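Consider the two complexes below, in which subunit A is the common component and subunit B and subunit C are the respective partners.
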Partner chain A sequence: MNTQKLKSVFAEALDIEESFITDELTYNSIAEWDSVAHMALVAEIDDQFDIMLDTDDVLDLSSFSKAKEILTKYDIAFD
Partner chain B sequence: MRFWNFTGRAGQAVVMPDQSYTYMDLEEAVEQRKWKFNENNKQLVLILCKNNYDVLVTYLAALQSSQAVMLLSVEMDRKLLKGIIDTYKPKWIYGSINMGEYESAGEALWIRSVPVSANIHPDLAVLLSTSGTTGSRKFVRLSYDNIQSNAESIVEYLHLDAVERGVLNLPISYSYGLSIINSHLAAGATVLLTDESIMAKSFWPFFQEQKATSFAGVPFTYQMLQRIGFFKMNLPHLRSYTQAGGRLDERLVKMFGEYAADHDKRFYVMYGQTEASPRMSYIPPDRLLEKTGSIGVPIPGGSFEIDRETEELIYKGSNVMMGYAECLEDLRKGDELHGVLHTGDTAMVDEDGFYTITGRIKRFVKLFGLRVNLDEVEKRLESELQAAVACTGTDDWLIVAVESEEAKRVVQSCLDSVYKLHKSAFRIHVMESIPRTSNGKTDYAAIKDGFK
Partner chain C sequence: MIYPYELKKKEKEIYLLEKLNDLTVHHVKNSNAYKAMIEKSRGFMLAKSLGEVPYLPVQLFKLMDLMSVSQAQVVKVLTSSGTTGQQVSKIYLDKETAVSQAKALVDVMRPVLGGKRLPMIILDTKSVLKDRRSFSARGAGILGFSTFGRKHFYALNDDMTMDWSGLEDFLEKHKGSKIMLFGFTFMIWKYVYQESVRRCIKVDMGDSVLIHGGGWKKLQEEAVDANTFKKKLFEQMGIRHIHNYYGMVEQVGSIFIECAQGHLHTPKYADVIIRDPITFDPIPYGSQGLIQVMSVLPKSYPGHSLLTEDLGTILGEDDCLCGWKGKYFEVAGRIPKAELRGCSDTFALGQRGGNG
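Presenting the complex of A and B:
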């Protein structure tokens, strides 16, 4: 369920189709995921999962799979 | 000495994540590159910019060999780029292009195979876009004196010296980014050059390992810095940071100003326009917290005036552009502004000589010597009509655009009865719909054009 939730957060923040979002999707690999979108993405993750990502995690969040790994630290489980 | 000549300088000039270059390396590379620009008649060089050493070498080689340089982002849309190339027909292009009129000249340089008889003014040094990446063909013409004098002023008020190690991740094709290159070279300082955003993980190790002493950001950079926890970072080598490129939220000015005050660093909030090469004013860091919200005082060598009638902020200084260019023929023009720039912003000044922007200049037309505020008339007509209406004008007429014949009659009688305007002083256009620009604003230029 959280995977789906994170997917829609990505789709919303990066303004792309959910079908494009795979584990391999990485920062700066598509025009839509630039620093402006990254800010929006971080804000959206904070909001939707009700957390506040740390500096290191904001910078580390460089792919969809990395995002899941990071969120696990904030007690958000992915299947 | 001009900043693009640095014979005899020692020390590091440019550091990239994977390599560093001394001033001697740079001098040699520029000397080599200059052979490519071996041409008696002054020509135009277009550089498609990335933040790397080779772009910098090409820029400096063009300046040293007195060729005019146009700087554009390498990321610019190719179709828009083609429009610009077709308009200005540069003799050389640096970057990867694929156009019939150009053949390879080696080392990422392309040379125009069909000769153009360019007639370029000897003072013209740099052409910068007025719009960034939207592909406008309007460019700002900067002279050698413009860029040199602004670089010197910046060195003076930022206290740049040879031990400065400034990070530059703003594009070189952007006037703020370019001014950092120019001023650092003028000071014999080191530029830490990267394309990485502060949001990229690799940016910070580069910043720390290279012992960056300063960085530059636009308002969005400071929003990001706040979010990624800048205030918790340990940045012992950092001495100062600058902000320009638009108005920064006062709350953030305060936060970054207080951080600077508490950590023995300097925060410079600055104001400029590409038309001024680009810097016009700054807040001295020790006055920042007391003068938050202002644009500060003029840079060394510059001065401000406020037009009594319009409240427009007028800047005077040797960094004011020669003028605009909209076509190849315009490159032959000399200085048209004579050091006076109408900024288009309105401002006020306080008793300490600090200026504050109050808005954009009102749109006026003069009808029979009478100043008519277009925004005011537009609002009035809108409330009368309860429908879309737009006002623009020339020196001869007030032009009103409406969307129905009925509206036209209302406007006619209103202009007559309320403003006592003679019918020869205005023209009313009935349009299917009032033209808008892509961001939803009324396209006054299109209304005016449609009328011609």
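Presenting the complex of A and C:
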């Protein structure tokens, strides 16, 4: 369920189709996920999962799979 | 030990010299223009001390597109600020250099801001970020520092007027939590501070820390120094902690932030040397001269060692009362316009083989 939720967060923040979002999707690999969009993505993750990512995690969040890994630290479970 | 301000003189020199020599080799291999310049000066050789690392004048990036990667690898282009019609520097970043830049900024700021993101007020307009691939110095600064913030609020409207009601809402919403502010020195003074004085609007930011940079040139004309700036912004807006920083788009990694003592500090991966503006020889601590900046981060373009147009003074090394190690220094400002001609001579000298 959280995987789907995170997918919609990515789709919303980066303004891309959900079908583009796979574990391999990485930062700066598509024009839509640049540094400006990254801030929007982080804000959306904060809001939707009701957490507050640490500064280091904002930088480490460099792919969709990495995002899941990081969110696990904030007690969000992925199937 | 406060990372990245933990290395003392001797160990830092060894660390930097190896990395900077590696970078010189790397750029000679990967940038024909850089290679030609090095060969035309004194020929390639490994530096035996930091003072021997060859440097380029920072203005060179206004005249040439210098990069050590292919165009296809470039993910971000930074441009210097410059008034209309003036040439701007173009700095090409690949993924690796862009990432290390972002990481360095976080390292440098952590001792001041901590690891938790703070509600953030950006004392600028959002329109600065309009162009997504090419960033002005202003945009790059805002974006880089945005990492430390959350719930970002841009306090200036597009026409540079203050959004007072937006600010009030923001402060109400984040009452009780520490907030961070970021902006450029002159713009803060002109569009925020002076505007609040003129309109008799006093604000209390509460537990707040302001990070600002961009230079004092315009404020010097109004006889506003760092202490006045801090005092006035506290009185008018209740900003408790204020840290100036010195840096330039031309050299990623060189972000020098003011410590609690009000001194700019060199982090582990960057350093400064002060040179005589006429002979370009390094001069002793305590004397004012041209600032040379060095950083181990610029890999995608040959900017690891640059001679700036700024005058500064090294105040000491490893012994600042704040406890951070490394050199600490102050910046006096840009060299006077009349001397700019001397500056283009630096380029000529670099080609002939100054003792850089």
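In this section, the second predicted complex is superposed on the first by the 79 of 79 C-alpha atoms of A that agree within 3 Å, B and C clash if a C-alpha of one lies under 4 Å from a C-alpha of the other, contacts with A are read in each partner's own complex, and residues count from 1 in each chain.
As a working rule, contacts are C-beta pairs under 8 Å (C-beta built on N, C-alpha and C of every residue); 3 or more make two chains touch, one makes a residue touch a chain.
Note that the coordinates shown come from a computational prediction; the quantities given were computed from them, not determined experimentally.
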Clash-or-fit label for the pair subunit B, subunit C on subunit A: clash
Subunit B versus subunit C as contact partner of A:35, first or second or both or neither: both
Common interface residues of subunit A - those touching subunit B in one complex and subunit C in the other: 28, 34-36, 39, 42-43, 54-55, 58-59, 62
Subunit A - residues contacting subunit B, complex: 27-28, 34-36, 38-39, 42-43, 54-55, 58-60, 62
Touching residues on subunit B, where the partner in the complex is subunit A: 197-201, 204, 220, 223-224, 227-229, 232-233
Residues on subunit C engaged by subunit A in the complex (per definition of touch): 75-76, 95, 98-99, 102-103, 106, 110, 113, 115-117, 129, 132-133, 143, 146-148, 150-152
Subunit C-touching residues of subunit A, taken from the complex the two chains share: 28, 31, 34-36, 39, 42-43, 46, 52-56, 58-59, 62
